[in-house]
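Listed below are the structures to be examined.
Below are two complexes that have subunit A in common, paired first with subunit B and then with subunit C.
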Partner chain A sequence: MPSLLHQFWVDLLQDLPRFTETLVKMPGADKETDLSERIESFLSELKRCGSGAGSLRGSAETARETTALLRRITAQARWGNAGDLMEIIRKEGRRMTAAQPSETTVGNMVRRVLKIIREEYARSRGSTEEADQQESLHKLLTSGGSSEDNFRQHFAHLKANVIEAINELLTELEGTTDNISMQALEHIHSNEVIMTIGRSRTVEAFLKDAARKRKFHVMVAECAPFCQGHEMATSLSKEDIETTVIPDAAIFAVMSRVNKVIIGTQTVLANGGLRAVNGTHTLALAAKHHSTPLIVCAPMFKLSPQFPNEEDTFHKFVSPHEVLPFTEGEILSKVNAHGPVFDYVPPELITLFISNIGGNAPSYIYRLMSELYHPEDHEL
Partner chain B sequence: MADSDGRQVDSINHSTEEDVKLQEVVQAKCEGKELTKEEKQRLRKEKKQHKKNKKDDRGPPEKEKEKEKASVLAPSKPATQSPAHKAPVPVNASASESPVAAEKPAKSKAEQRAERRARQDTERASKQGKKEGGQQSASSKPKATPNELQPVVKRLPEHIQVDDPAALKKLAKKLERQQVPLRSDYGYKVSLFSHLHQYSRKNPPTQQISIPATVIHPSIVRLGLQYSQGIIAGSNARSVALLHAFKQVIQDYSTPPNEELSRDLVNKLSPYISFLSQCRPLSASMGNAIKHIKKEISNIPSQCKEEEAKRRLQECIDSYINEKIILASEAISKYAIEKISDGDVILVYGCSSLVNHILCEAFEKQRKFRVIVVDSRPRLEGREALRRLVKKGIRCTYVLISALSYILPEVSKVFLGAHALLANGYVMSRVGTSQIALVAKAYNVPVLVCCETYKFCERVQTDSFVSNELDDPDDLIVTRNGKTHLENWQTVKSLGLLNLVYDVTPPDFVDLVITDLGMIPCTSVPVVLRVKNVDQ
Partner chain C sequence: MAGKAGKPNRPRKADKDEEEQPLLQAVLVADSFNRRFFPITKDQPRALLPLANVSMIDYTLEFLTSTGVQETFVFCCWMASKIKEHLRKSKWCRPTSPNVVHVITSDLYRSLGDVLRDVDAKALVRSDFLLVYGDVVSNIDISQALQEHKQRRNMDKNVSVMTMIFKESPPGHKTRCEDDDIIIAMDGKSKRILHYQRAQALKRLHFPMNIFHSGSDEFEIRFDLLDCHISICSPQVAELFTDNFDYQTKNDFVRGLLVNEEILGNQIHMHVTKDGYGARVSNLLMYDTVSSDTIRRWVYPITPEANFADQEGQSCTHSRHNVYRETGVSLGHGSQMEENVLIGRNTMIGANCTISNTVIGANCVIGDNVTLDRAYIWNRVHIADDVKVKQSVICDNVEVKHGVVLNEQCVLAYNVVVGPDITLPEGTVLSMHHPDEEDDEDDDEFLSDDNDVGYRKDKTKQKGSLFNPAEVGSEGKGYRWKTSSLEDTEEDDRAQFTLSNITWISQVYSNCSFPSVFQNEVHGTLQRGLDENISCDNLVLEINSLKYAYNISLKEVMQILIRVVLEFPFHQQGAQISTAQYSSHLLPVSMTLLKKWAPVFKNYVKRPQDQLDCLASMEEVFLERETHWAALVKVLMSMYQLEILEEEGIMHWFNQGSTTDKSQQLRRNQGLLKFIQWLQEAEESSEGDE
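Right after this comes the complex of A and B.
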């Protein structure tokens, strides 16, 4: 009898490693499916939020969610060395940007994370970064395409370092709006008339911060067809800021009494130009005509390495129903109606960029971009 | 002491002068000559003054002097105002309104000079001829001597003096006398525009008129309602409707006994015009039309029978509409069609009857082009233009004004209509026109403005603030996705809505103005005005 019991225990002990292995494997498998589930849900949300009425959530939120997702990928995906990780992130990044091409903050965050990985790798290896960045002619001739194989080395602490750096990035993202608002009092004096267009959460926070200490008057252009200016105006007037809503057609008419134009933007392009809500180009031209300074409040995560020359991919349209509703009847079939969402504003019309790292002229944007992104990541 | 003596001496002097003039006037009356409006007014005032003088020595003479001076110096204005003028020296006005002032401010040298000038003018006018009515005495100066410069002092129109309580009081008194209801402003006005009226469409002044309206002709009441509700909109449409209503008025008019048709009809028209300007401020084209009609009425000789006179006036109105509006648009189309070539992409803004007419004519003449209609909230007049053009069969595209930068690279020409052309070359038109001209200039697209000459106006203006019209602010409210953000804007203290109607476009944005006299640059407008004045 003790031999049977003994046999049982022996079998159990033999099976135990396999048994524990299965115990360990199940959450592991769960983790992987969990990760891909999260990615899928993020992608579907991106696809949905692009349709109509601007964005369901601001770009800051999108940036934060993208970064959090990338951190999760770094933590949970299987990778051996930096090169693998970069491949994975690049692949996911391509899928995410394909889901919503106009939401450029997604691509920007992917590029930031790639840059972080490169930096951490270089730091682990012990080489200095500045030498890599400066591309002297000598380096170009001698080094060639050697950078790719450099990422195959395995470092034990790379994962932890990368995750820590991404956490820092997240902290930076959370503080961007506050950083920008803190600069408000340096730019707004009392009894000013400020004009803005549409709705930008950054500009809203900026103006509300200035309103705590100064009295000024804000004119909001409503920005048809979505009329987001209305929301902005009600929100500003609740803080006791003297606000006026004007229709888009009156922008030039009232511009002569405006002291400053402060706008937000969807993207800052590589040449210092903007991709902003439609109507912004008219606003910029009117400001230029009256020599009124045009200030753009844009956090750094909106800076994108794209250039504005791709005409067919630059524009995004909404349903013409917003412009010419179906109630108009039979003329609809004979008429083309267009509802573009974005406008390109060339850098010559812009006076100042205010971002979380301070104020910059549009001619300096290319430098900032080279600090944020690695040139090889410009094409994901 | 010396002062009061001086003043007494002055008043005595004036009363003696007044007496002399009074004698003159009475003489003229007895001789059966036609009295000028000044003289009639003065007669009435003298009667009043004599009555008042029994109570108070110092009362009216200053007041009358100012009114007289102001009425003579004012150029002919379409909205006739009798004594309620804004005095050039507001201090005196307020002083004269106070009941019995112990001290009157001494007359300044400038006032005395002005009075002397006024007297000379009236005498010259009475000598020149009895044809002109009192209104025309100021404009007779340019007629007689076209090289003389116009007098600079002009009376400010009432509708841009809303922030002046004295002017408001005067207006209220005048309207009360004419039995026209006063319309009250609505809603919170943006501080930059506190000098303009802002009315609500829900409270038209016609609600305050009893039925049947005894003072105001029913066709005028209907017209006023149509204006205030926006049923009739657009410069040409409003002028034509006004002229048709006047035809009806003239038809129904009968001269009361002991009155001249030429005098009385003009006076009958004043309350109508006040009422219409309460419904909606008069446009420049309407102003010119009214001026023309009043001149025609005053030019009717007194021997003319009533039927004959009425027929003549009806004909005159018809010919005005025909010449200035219909034939002018034909002429403009002819010139404009030369500017449209095959393959053109033409951009138009809002709904201008003239531009629509040009495009339809060009399409009939087999020009191949397509049209882009730009529209803006809250009026959305472009949809009306779209309907008309599509009905004709023209290929159209439709965008909102915020999409202008997107659509402009495709455009080859921009055609704009105008509400008025100002004497310094600025184009006054629907709000948004200046924006279109600005962006077109940035893209190097030619901008052509089409305007009939009867819309040319002698005012000058450099920005869209001093003289404009504020529409109902509730029009800006919109419901999207079931949410109306601005629903309770009145309750929020610091929120204001601004609904401008007009704006001015600087002449450097406009490349060409097409008028019935030909194609002229923007800066030639004062030349045309001068030529017109000499002709008339």
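Right after this comes the complex of A and C.
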């Protein structure tokens, strides 16, 4: 009984600022409506930004925005203990991923934040998350109920700690592109011929960074029908990199001259495969045929616990307008036109991943996965 | 793609807009005011009919919201309560919705005109607004058109009242239907609409000749445009509808505005979108094409699996060949969903069915060996075994019994039962409502968008409630309706007429010497006006009617008017009067004339270009009479004082390179130079004051 009373007082004291605010402002609960408005606008933004090919805003930006929003939820939503908070985050996370299923970054960031909460909770309790994770068969048998029960304990400093950790995550996100491009000189040597496809901001930064010291030649496959390759080529040539644009059909023919293929990706899947822009599979097969190394520049936030067989959300088809313009009336009524955006690239075609924490082989992805995400969070 | 540049920075742009003007508003007319969807719309308003399992009005609202509209007024009339109920439950009425939706209902709306008059009466719109119907499906990014519209309105004040959005789709395109074929004459540079006509079943087209005199050197006559029925209107549009109580439809409005363009000075512009999709579900044929376009993802990101309406439990998966499945769908052994298929939740499909290009709603039961092609099946429909359906619409709760064959363009309205073992011929329409139960009062309630698509009643009286087994089968329930709108709009080659058929009727007129006759008439009118002391308003009216009678352009009217006024003294006193006499006559007489007729001039001289025209014709008159040059200054002076001419106009005219020696001489006239100097000084001093 005394402990319960004590709990009540602690709660009250902690809620005091909000409590007085509510008193002053009447029962408006401004914060909450403001929060839900923000979430709503983010959701609709996500839904709409999916038009066109690939990620229009850059997934780095999406990752940052998602994390910032999750931080806001942590700070402003009403929750008493870690379990509540995780429930809230999970709920909002589900909605966010549903809004744009092809944008896996959002789900990844939600999982990262969930993992942070778990860790902070464990730290507050005095045990380490590491110990929790090593679940032996024996432990699984004896623990009985789900670990969720354990998150019911209240810690006064949990909120501040979680926000602090999310801030660290945000700082990490800010630096990803720089961290990746810093490794450029190790991979690109003088007078090499590099091939890439479409436009990836990471690859762009990577190549530009190498160009400061080295001279090399870049072949850009245009990536029809959206032709982001054109933008890529313009941007690279502005930095005085020798650039050639080739049609996608010429990838195989040109491959024999290429020393290295460097590409970006939309998602790195749990098996080490890629979900990348349309045409990447062709490129990867051509590279395999000529035994050209294929390097994938992918920041860690693109790593998703998704497997390629989860067919439903894997595809993304946009309006076929670019493939066959709407004005071609008579033809349109007789044919079906499709505008697919992504390709699946199997892991055996990939030589190396370069992420912000260094280079890894596709076979190591499973390990990174378990470091970044808690196994219980794979399914939101 | 579409929004590559525009979309990423939309929030910031929206913020900027907010500073400039409060909100972007939209008027959504959730009523078609016609009966093309009859008898389906007897039970459900058109805006709520499902298109790819989502109500049409949701598509329209989603389009408006994604284009940045923050406040929408939904006007409904027919079955307003149903629409209201639907919207209340939808995501648009949640407090977090970025688009605030107000529903305004009244039984008195009979046309678009009534709605807009009400908008004006209630003063709902404060700035430019979007005008759409509740059955528009679109993903067009309107921001560019909106910007162009604003720019035009800033450039010359309030001349352009409306920007219509068009989509390029050449003749023969599936998304065109003949009902809505239009032919447009436009100014190639300014994108101004000069002529707008429905081309439906017209073998000959007539263009008024004066549209080609409007001073532009680039015309386009286009037949490859699809009206998206989205227009950006300025608040004046509502006012104009109030002023012209006979405008019923947008068509009336556009035609009326174009015909009276020279009097009212209002213009309509157009915007042709390149990569967006926009179409109005104006009849069942369009329903077919728009549904299939939606399934084929032309309206991306508004696709079935996006669940943009945010309805509970309506989640959809998209797989190869555009097959969409909601949750709880079961498919029997050997059934095939070939391509472009959407199946609603908890629908059960039997064995060995073949389904292609079809939309099936929720909770339907479909038997074995069923073939569906281009079928639109709504909710809770029961279809028994061995049924074949081709390009037909089957509404809620219909029961199709064993062995029924529906041929092309059949419509089974709500709750109908058909079969067993009957073949419905092409274009059959069955409804539980008896075709004769319409009362005439009801008929008047719906003014057709175009009177020729009026609904013709089946006159063969079929009193008594017995259903005809020959029509609906032995266990069937329903009455046969004679006309089907699908039939009306059957595709044929009538639309394939070429522009070579256009006859240039008006050409004949332009060769005649009407201007001289017109000049005499104007002179007579003014003389009479002076003698009988007729008010200026009436004079304007008379001159306008003369203008139409002789088919004279506005520019010519002005030239002639100037000429008549300036030559007035000559006519009265004979041609041989001296300068002094002229000025003394013109000045007391003609100046009083000028003063008197100042409103007449002001009516015609509005834009800077008009002033230049006016000055040019003045110059012309005086060039003919060298002796009276001194008087020019006085005329100019008085015109300036009467505020008919402005100093910029005069300066512009004066500085304009003169072409002939004589006009250069005229410009060197002592008095004129003095006047110009005086003007310059006045201008400088006024600038100094500022």
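Keep in mind that, in the parts below, the second predicted complex is superposed on the first by the 347 of 380 C-alpha atoms of A that agree within 3 Å, B and C clash if a C-alpha of one lies under 4 Å from a C-alpha of the other, contacts with A are read in each partner's own complex, and residues count from 1 in each chain.
One rule holds in what follows: a residue touches a chain if its C-beta (ideal position, glycine included) is under 8 Å from a C-beta of that chain, and two chains touch if they have at least 3 such contacts.
Only a predicted model underlies this, so the values are computations on that prediction, with no experimental measurement involved.
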First, second, both or neither for A:E242, with subunit B first and subunit C second: first
Residue contacts with subunit A in the superposition, subunit B compared against subunit C: B
Partner chain(s) touched by A:T104 [first = subunit B, second = subunit C, both, neither]: neither
Partner chain in contact with A:F226 - subunit B first, subunit C second, else both or neither: both
Touched partner set for A:S44, first subunit B, second subunit C, both or neither: second
Which of subunit B and subunit C A:R257 touches, first, second, both or neither: first
First (subunit B), second (subunit C), both or neither touched by A:G339: both
Subunit B versus subunit C as contact partner of A:F326, first or second or both or neither: second
First (subunit B), second (subunit C), both or neither touched by A:T282: first
Contacts of A:T292 with subunit B and subunit C, given as first, second, both or neither: neither
Residues on subunit A lying within both footprints (that of subunit B and that of subunit C): 53, 226, 315, 336-339
Subunit B partner contacts - residues on subunit A that touch it in the complex: 53, 217, 219, 222-227, 230-231, 233-234, 237-238, 240-254, 256-257, 278-279, 281-282, 285-286, 289, 315, 323-324, 328, 331, 334-340, 343-344
Residues of subunit C that touch subunit A when the two form their complex: 1-4, 7-8, 10-11, 65-66, 95-98, 139, 167-176, 224, 275, 277, 296-301, 306-308, 315, 317-322, 339-340
Touching residues on subunit B, where the partner in the complex is subunit A: 190-192, 376-378, 383, 386-387, 390, 395-407, 430-432, 434-435, 438-439, 442, 463-465, 476, 478, 480-481, 485-486, 489, 492-500, 503-504
Parts of subunit A lying in touch with subunit C, wherever the complex brings them together: 33, 36-37, 40-41, 44-45, 47-53, 56-57, 98, 226, 311-312, 315, 317-322, 326-327, 329-330, 332-333, 336-339
